[in-house]
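Labels for the chains are A, B, C, D, E and F, by order of writing; each one numbers its residues from 1.
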Amino acid sequence: MPFFDIAADALPDYRPALAIPDDLDAFWAATLAETREHDLDVRVEPVDAGLELVEAFDVTFAGFGGHPVKAWYLRPRGATALPAVVQYVGYGGGRGLPHEHLAWPSAGYAFLVMDTRGQGARWGTGGDTPDPAGTGSSVPGFMTRGIDDPADHYYRRVFTDGVRAVEAVRTLDGVDPARVAVTGGSQGGGISLAVAGLVPDLVAVMPDVPFLCHMRRAITITAAHPYGEVVAYLAVHRGREEQVLRTLSYVDAAHLATRASAPALFSVGLMDTICPPSTVYAAFNAYGHPAGSRIDVYRYNEHEGGGGFRWPEQRAWLAALLG
Amino acid sequence: MPFFDIAADALPDYRPALAIPDDLDAFWAATLAETREHDLDVRVEPVDAGLELVEAFDVTFAGFGGHPVKAWYLRPRGATALPAVVQYVGYGGGRGLPHEHLAWPSAGYAFLVMDTRGQGARWGTGGDTPDPAGTGSSVPGFMTRGIDDPADHYYRRVFTDGVRAVEAVRTLDGVDPARVAVTGGSQGGGISLAVAGLVPDLVAVMPDVPFLCHMRRAITITAAHPYGEVVAYLAVHRGREEQVLRTLSYVDAAHLATRASAPALFSVGLMDTICPPSTVYAAFNAYGHPAGSRIDVYRYNEHEGGGGFRWPEQRAWLAALLG
Amino acid sequence: MPFFDIAADALPDYRPALAIPDDLDAFWAATLAETREHDLDVRVEPVDAGLELVEAFDVTFAGFGGHPVKAWYLRPRGATALPAVVQYVGYGGGRGLPHEHLAWPSAGYAFLVMDTRGQGARWGTGGDTPDPAGTGSSVPGFMTRGIDDPADHYYRRVFTDGVRAVEAVRTLDGVDPARVAVTGGSQGGGISLAVAGLVPDLVAVMPDVPFLCHMRRAITITAAHPYGEVVAYLAVHRGREEQVLRTLSYVDAAHLATRASAPALFSVGLMDTICPPSTVYAAFNAYGHPAGSRIDVYRYNEHEGGGGFRWPEQRAWLAALLG
Amino acid sequence: MPFFDIAADALPDYRPALAIPDDLDAFWAATLAETREHDLDVRVEPVDAGLELVEAFDVTFAGFGGHPVKAWYLRPRGATALPAVVQYVGYGGGRGLPHEHLAWPSAGYAFLVMDTRGQGARWGTGGDTPDPAGTGSSVPGFMTRGIDDPADHYYRRVFTDGVRAVEAVRTLDGVDPARVAVTGGSQGGGISLAVAGLVPDLVAVMPDVPFLCHMRRAITITAAHPYGEVVAYLAVHRGREEQVLRTLSYVDAAHLATRASAPALFSVGLMDTICPPSTVYAAFNAYGHPAGSRIDVYRYNEHEGGGGFRWPEQRAWLAALLG
Amino acid sequence: MPFFDIAADALPDYRPALAIPDDLDAFWAATLAETREHDLDVRVEPVDAGLELVEAFDVTFAGFGGHPVKAWYLRPRGATALPAVVQYVGYGGGRGLPHEHLAWPSAGYAFLVMDTRGQGARWGTGGDTPDPAGTGSSVPGFMTRGIDDPADHYYRRVFTDGVRAVEAVRTLDGVDPARVAVTGGSQGGGISLAVAGLVPDLVAVMPDVPFLCHMRRAITITAAHPYGEVVAYLAVHRGREEQVLRTLSYVDAAHLATRASAPALFSVGLMDTICPPSTVYAAFNAYGHPAGSRIDVYRYNEHEGGGGFRWPEQRAWLAALLG
Amino acid sequence: MPFFDIAADALPDYRPALAIPDDLDAFWAATLAETREHDLDVRVEPVDAGLELVEAFDVTFAGFGGHPVKAWYLRPRGATALPAVVQYVGYGGGRGLPHEHLAWPSAGYAFLVMDTRGQGARWGTGGDTPDPAGTGSSVPGFMTRGIDDPADHYYRRVFTDGVRAVEAVRTLDGVDPARVAVTGGSQGGGISLAVAGLVPDLVAVMPDVPFLCHMRRAITITAAHPYGEVVAYLAVHRGREEQVLRTLSYVDAAHLATRASAPALFSVGLMDTICPPSTVYAAFNAYGHPAGSRIDVYRYNEHEGGGGFRWPEQRAWLAALLG
C-alpha cells in the first residue's frame, strides 16, 4: 500500500482537535473504583515450560468486574527486584504459550503478558480468558460490543484489566514495583497508551503502531478491520453516529494519552492502513512528549511496522531510561 | 462456484451416520424446562409503520434465561384466528423494519419475525436484541461463542429463543395457535429445523438453504464463513477438536431434525459453498420425509438458492397443507 | 471503503460546470415525439400472486420504438383514485415478482415497477423485457451499447420507456393521474431523475444513490462497474473520448435534472464507490432544490446507502407533500 | 490453478454422450439458406498500414441476416493463388489492426481475420462490427443473448458469419479457393470448429483451447467467464435449464464438430479453467480424428495454452498437409 | 483504476527535482569502458522461422562482463542498408519467438529484439539469456538484485547490455549503422531511455509507459509490482533507505534521460498504477523535448497504455523523422 | 481452505512411487566432496544482543563453493558440551535477529540458525547471505534458479550449505558434536530432511510442514507459491517438463529422506495448500519411520500447521530421545 494518509512530512505536526469528553476522568475514576471493590486476588501457579533459564508462572488476577484474567509471568530463574515489563497483545490474539515471550526475561526483566478477554482464537496459540459480559447487536469482532454506551463498551473492561495487570505485577515475587513499564503492538499499543493515562507512576510506555487512537478520523480513512467494524456497525445502525462516537470518545487511547506522563517510545508505519499514521501521530502529539520520548518511523512498512527490530530499540531505550 | 460437493445425482441418497449424542433429548428437555421457569412475558406494542393494510406490533418475550427477545408481529388489519408463520433470520442480520416483511401478512397470515440475539449489525436494517451471556475465547462471529461446552454455546440460547417465539406467537391476538409454521433461510433455516425438532405440534417447517447442519462434515468441505469460524477456532485451539465437535453435536440442526415430525419444505443450492448441498441433504434425509415433504433443488445457485422464488412456492405449499 | 471523493464537508457546495449539449431539449423532444407516434397500447392482465390484500397485474405498454415493456402494477384490493408511485430498478435487475413490491401498496398507494429492457438476468428474480435494438462493438453490460451516437444509446431507449411508464400508470384503473411520483435506486435513481426532467407534472421524484450522473467526472474517479464499462470501452477504443462523452451528455441524469421542477428527495452514501457522492451532489445541486427538496446523507454507507431505511423516509415525505 | 478436471491420463479417452438435437442439420441448413438469400456483397478496400511487404485490405461482407461484417485481409504483396487461413478471434476482442496479423502473410499465406459482431471493446485494439439483433433479458456479455431460443441465439449469427467469411475469402484476389483453412483460439477455436462442421470442403481446422464445447458439462465445472454467464443466467432465471440447454445444443461446437471432416490440429491446456480440458477433449474425440489430426497438450498451462508456440506448430502442420 | 496520481492537467508541468548523483556520468563511463574491454563478439545464426518474406537470425553478443546475450534479428528478405530499430522487452518476458516480431521488418526496417538477462520465464514464449551474476538478499524478482550497491545492481548489467545491443546491431548485415532507433514498453521503455542517455548518436527513442523512472517517488505512490519489490525490500531491510535510493539513483531512467538528445516519442497511461503517470512525465520533462519529441496520452488506460495503437504511431513518426 | 487433497484417512498409507534418479547418491557425494575442498573456515564473533542469560555469536562458515554463509549461534551463558539444534528457515526469510531465537537456548540447548543464501528480504527481519551464483531465465523467486540442470539448481547449493552448517556447529565452543539435531518449517523442513539424508550421524530431525517434497505431484495439485513458480516456469518454457522434473529429482527432500536414518518428528496441516498433506506424507512414509518417529497431524490448519505448539512438542520429544 503506497502512502494514502496526510503527506509524510506533515505528519510530525499533525495535532487535530480531540473531542475529549468533559467527564473522561470521572468516568475512569468511577470505573477503576468500582473494579477495586473486588480484591485483586492474584494467583500464581508455576508451570513447566521446559525452560531451564527462565521461570514461568500462570497468573490469574481479578480484572474488571472481578472477572478472572489470565497472564503469563516469566523471569530469569531466581532473580529478584527486577524492573518489569507488562505487555498487551494484538487484536484477536491471546497470551499464547510461555516460550513465545523470552526476550524480556532473557534480558533480565520480569515480564507479564496479559490475555485480552474473549480474544485469543483468531491467530497464534490462543488465549484463556473469557469475557463474561454480554453484548447488544454487534458486528463480528470486539469493537462494537456494547458500543451504544460507554459503560457497556468492551474496551472499558479491557483497559481496566490492563490497569489491574500493572497492579498485579507489582505484587509478584521478583518484581520491583517502582519500575514497571507497559508495552504492546496494535491493540496492545492502544491498551498500553490507555493504561499509561490511567496509572500515574509507570516508568515508561512503549506502544507500537497503536490501535484505538483518534477513532473519529480513523473510521473515515480506512476500511480495514478492526476499525472497519465500527463502519460496518454504523452502516447498518444508521443514525447512531453521535451515540457511537460518544462511546468511543471514552475509550480512545489518544484521549487517555493526554493524561499520561511517563516517557514514551512510539513507532509508526507510514504505509499502515490498519492503524493509519495520522491516527498514531495524533496520539503521539497528544501524549505531550515527556523527556526521553520518541517516535520511530518505518516509512515503507504497513502494519507490521518495525517488527522484530522493535525489541532491541525498546530494550536499549528502556535500559537507558532506567539508568 | 462450480459443483464441488458430492456428485449431484448422489445427493438425494446421501445419508451419513450422524454423531447424535445419547443425551440430546435430555439436554434440550432440561434447557427448555429451565427457560420455562421464566414467565414468557409477552409484551406487544403497536407501531406506526405507515401501512394501511397491515397492523404492526413490536413484540418482546422472554427467551433463554428469561432474556428479552424482540420480534415484529404483522397481520392483516383487523384479522383474527389466522394461521401464523414464524421466521428466523440469516446470520448477522436482525428483524429489520416492519415494512420489510409484508408478503405473509398480505397473503392473509399472521407473521412474526424474531431477532437473533446479539446479531443484527452486519447487514440490512439491524436488530435490537442483546445477548447478555458472555463468552470464552472466540473467533469474531457467533459460531464459537461458548464452543467449549454445550451448556454455554450460543445456539443453545438461540434455539431456545426460537422455541419461545413459537410459544409467544400462540398467545398473540389474531393467531390460531393450532396452526403455526416456522421458516427461515440459512441460519434461519437451521433455527427453524431445530425448533421443528423441539416443538412437537407445528403444522409445517420451511427451511431454505439451512445452515448448522451436519457440521462435522461442513467444516472439512468449506472454508466460507460462518462454518469457517469453527475451522479458525480449531486452527488456533489445536487439540480441542473432540470437545468442539461434542458441543456442536447438541446444536446441529440435522440432529434435531431427526426428532421433528411436521411436513417440511426444504430448498438447496447445488453450488452453495456457504451451506454445502451435502449438509442440507444430510438434514433433509435425517428429517424423515413426513407426508407432503419436499426439497426444491436450485442447480445453478449458490447460497442465494431460490431467492424470491421461494415465497410463492412456500405460500402455495403451505396453503395446500392447511387445506 | 473510506472516504475517497471530495471532502465530506465540501460536498454540499459542489456545483461543477455541466457540459449540457445545446440541443438537449430538442433531442429529447424529438425522441419522445417519435415514440408517441406509437400507440401507448397499455395491456393489463390480473395475476394470482397469492396476495389477499393486494391486487397484482401484469402490465405491458409500448415503450421506445413501440417496443413492449413489462411492469407489475399493484394496488390495495379494490382501491381507487390513489396517488401512484412508479419505480425503476437497479442495474442488471428486473421487475422481479409481485410479492417483492408490497410496501407502497400496503401503505395505500398504487404502484408500478418497470422492467429495464434487456436487463433482469444478473441478480434477483429476473425481468421479462427484451431490447430489440442491436449494438455496435460494446463492453459486456449496457453502458456502451450504442455509445458512439446519442441516437443509438441504450439509455435513450430506457429513459423513453421511463416516460412512457408514467404515461401508462396514468391510464390505470385505481390511479389518480394528477398524483404520480417516480423513484428508484442507483440506475433506478438515474432513470427517475431523467424522467423528472422529461415529464413536467410529476408530484415528486425520489432518487436514491442515483447512477448516470455527471458521468464525465464519474469515469475518472471510480473503476467500479457500471461506470467502469465506459472506461473499458475507451481503453480499447482509444481516441473516441469526445464522441463518447458527447453521447453520454444526452443521457446524463444530472443534465436532465436541470429541467426538472418537482420536489425531490435524494439520498447519498459518502463511501459509495459505485455512484460516488460528488456525482450525486452534482445532480442534486443541478436539480435546483424546489421547495420541500432534501438530500439524506448516509455517511458510513457504500452503495447500499440508506437501504431499508429509505422507504419509511420516502413514505413520510411523500405523504406530507401530498398533504 | 492446479489440475481440477478429469484425471489427466483419462482425458484422451473421454467420450461423453452428447445431447445433439435431432434436427441440428436441418436447423443449420435452414439458417445458412436464409442467409444465402442475401448477396455476399464482398467489398474490399486497400488500406495503408505502413507495411512494405504485405498488402492489407479492409473487407466487408454480408453475414447473418445480410448484416455487414468487417475483416482484414492481408497477403504478401503481389502474390496470387495462395492457400488461405481464416481466423476468428477470442471473446470480447475484435479484428484489431492489420499489423497485428503478420505471421501467416509473412509465411506466404493469404489471411483473413473476421470481426465478431458486437464484440471488440473488451481488450486489444477493437472491432468495428455491430450486431443489429436485439436481445431478451441477458447477463452482461454475449453468451446469453437470445438464449431462450436457438433461432435468437447470438452464436447462430456468429457461426453463420464464420461460414460467410470462408465464402468471402474464396472470392478474394490472391486466394486459391480450394485451399482454405480455419483457425482461432478460445471463442475463435469454437467458431472454427463450428465452421468446420458447416463447410464441407475446408483443407484444415486448427482450434486452440476451443470455447463453446460440451457446454452442458462446462457450466457445472467452471465458474469462470464466459461459461459463467450461462450459470449467472440460470441462477436468476431459475427453471429455464432445459430451455437454455436446448438452445445451447444447437450452437455447441462439439456437436457441430461431429459433422466435420477436414484434418484438425487441436490444442488444450490441462490447467485451463476457462475452457476446461474435458470439454476440449469431448470436442476432439467427437471430431473423429481424420487422418493427420492431432491434439497438442500443454500440461502446465491455463487458458493461454501454447501461446506463441502454436503458430510454428500450425504453420509446419499445415504446410505438411498442403504438401 | 481511476485517476490516483497528480491531477491530470498538472502532469504536463510536472518537473520534480531529481536526485541525480554527481558521478553519474563517471559511473557509466567506467561501466561501459569495462564492458568494452570484452570483444563484442557478435555471432549470427540464420534460423528457419517459416517466414518467406522475412529473414530471421539468432544473434549472440557479449553484454556486460562479456556475458553472452541473445537477440533475434529480422529483416525483409535480402534488404540492405536499412534503418534499424532495437527493442527491449517488458519485465519478466524474453525475446520470445521470431514470428512475434514482424511489424518493423514488414515495414522495411531491420529489427533486433534483445533478451533481458535472467528474465523470460514469467510470461510469453520465453528467453534464453542467463544472468551469471549472483545477488545478495533479494525479494523475488529482479529489482532488488544487488540493490545495496550501484556496482552490483541488476540494471547496471541490463542497461549495459542495452548499449551493446545497439553496438551489435550496427555491425549486422543489412543495417545502416547511422540510423538506429531504440524502443520498448514498460521495462523496455526504461531501458530504451537509459540507452538513449548512454549512446550519443541514436536517431530516435520511443519509450512506452516507461518503468524505472523517478523511482524515489514511484515507491511511495504505488504498491504494484515491480516497484513494490523495492518497497518489500525496504520493509524488511529497515534502515537501508538511503543506501537503496542511492543505488537506484544510478539506474533511474529519468536521470539518464537528462543526458539524451535524440528526438523522443513517449506514451503514458493516466490510469497506470504500474508506471504511474507522474513518473513518466518526470522522465519526459527531464528528457528536454528535443525537436520532434512528443508524448501521447492515453487517458483511460492502465499499464497497457496505447497497446497495438502504438506501432502505427511510432512507424509514422519515425518515418517522418528519417525523412 | 477445506480438504482438497487425498482423503484424510488415506493419507497415512500414501506411498507413491518416487522417481529417484539412479545416481542420486553419486551426485550428492560429488557435490559434498567438491565443497569440502574448501576449508570450512568457521568464524565466530560475539554480538551484544542485550541478552543477559544467553550468549549470541555471529557465525560465518564456507558453504557450497566456499561461499560465506551467515548464522546466529546462541547458547546459555557459559554452558558447555550441550546438545545442539540447527534450524533452517522458511522461504523468503533470513536468520533475522538473535533475540528471535531464544526458545532452544533457554531450554539448555546450543542453537544455530542458518541464513538461506539470497533470501531474507521477503518477510521478517532479514538475512545477510548472498548467493554468488547466477541463473538462467527464471521466475521471480528461487525455485527455478538453475532449474535446467541439477548442477546449477539453487537447492543444490542450499542443501550443501545445510550440511556445512552441521559441520560448523560441531566445531563450536559449547557444543557436543555427537548430539546434533536439525529442524525447520516449510523450506526449513525440506532442508532439514535433505540434510538428514546427507549427514549420517544426526540424533534427530524435526521437519514441520516440509516443502520440497514429492514435487512431481505437488506442481499438479497446488497453484500456491512457491511450488507455483515451477508451474509458471513450465507454462512459459513449454516442453521442458522432463528436464525440469529431472533437475528437481535431485533436490527433492522426499528422495533424500529415503537415505536418512535418524528418528524423525514430522508435522503436517491437512488444509495446507502451500505444502499439501500428500506430499508431506510421501516424505514421511519414504523416510521409513525409524524408532521414535512420529507425525503430528493438524487437521484444521493450513500452512501454519502447529505453529507455536510445535516447539513444546519438539523439546519434549528430543529430550526423551536424548535420554
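FYI, contacts are C-beta pairs under 8 Å (C-beta built on N, C-alpha and C of every residue); 3 or more make two chains touch, one makes a residue touch a chain.
Not measured: the values here are computed from a predicted model.
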Count of contact steps on the shortest path from chain B to chain E: 2
Chain D reached from chain A - shortest hop count over touching chains: 2
Pair sharing more residue contacts (C-beta pairs) when E-F is set against B-F: E-F
Shared interface numbering between chain C and chain A [over half = same, under half = different]: different
With centres defined by CA atoms only, which chain is the most remote from chain A? D
Averaged over CA atoms, how far is the centre of chain C from the centre of chain D? Could you give it in whole Å? 39
Report, in whole Å, the distance between the mean C-alpha point of chain D and the mean C-alpha point of chain F. 50
How many angstrom between the C-alpha centroids of chain C and chain B? 37
Contacts with 2+ other chains: residues of chain A: 124-125, 307, 309
Which chains are in touch, pair by pair? A-B, A-C, A-E, A-F, B-C, B-D, B-F, C-D, C-E, D-E, D-F, E-F
Looking at the complex, which residues from chain A come into contact with chain E? 1-3, 8, 271, 298-302, 304, 306-307, 309
Which chain F residues qualify as touching chain A in the complex? 49-54, 76, 96-97, 99-100, 102-103, 105-108, 124-125, 307-309, 311-312, 315-316, 319
Per the touch rule above, chain D residues touching chain B in the complex are 219-223, 231, 234-235, 238-239, 241
Touching chain A in the complex, chain B uses residues 92, 94, 118-142, 144, 232-233, 236-237
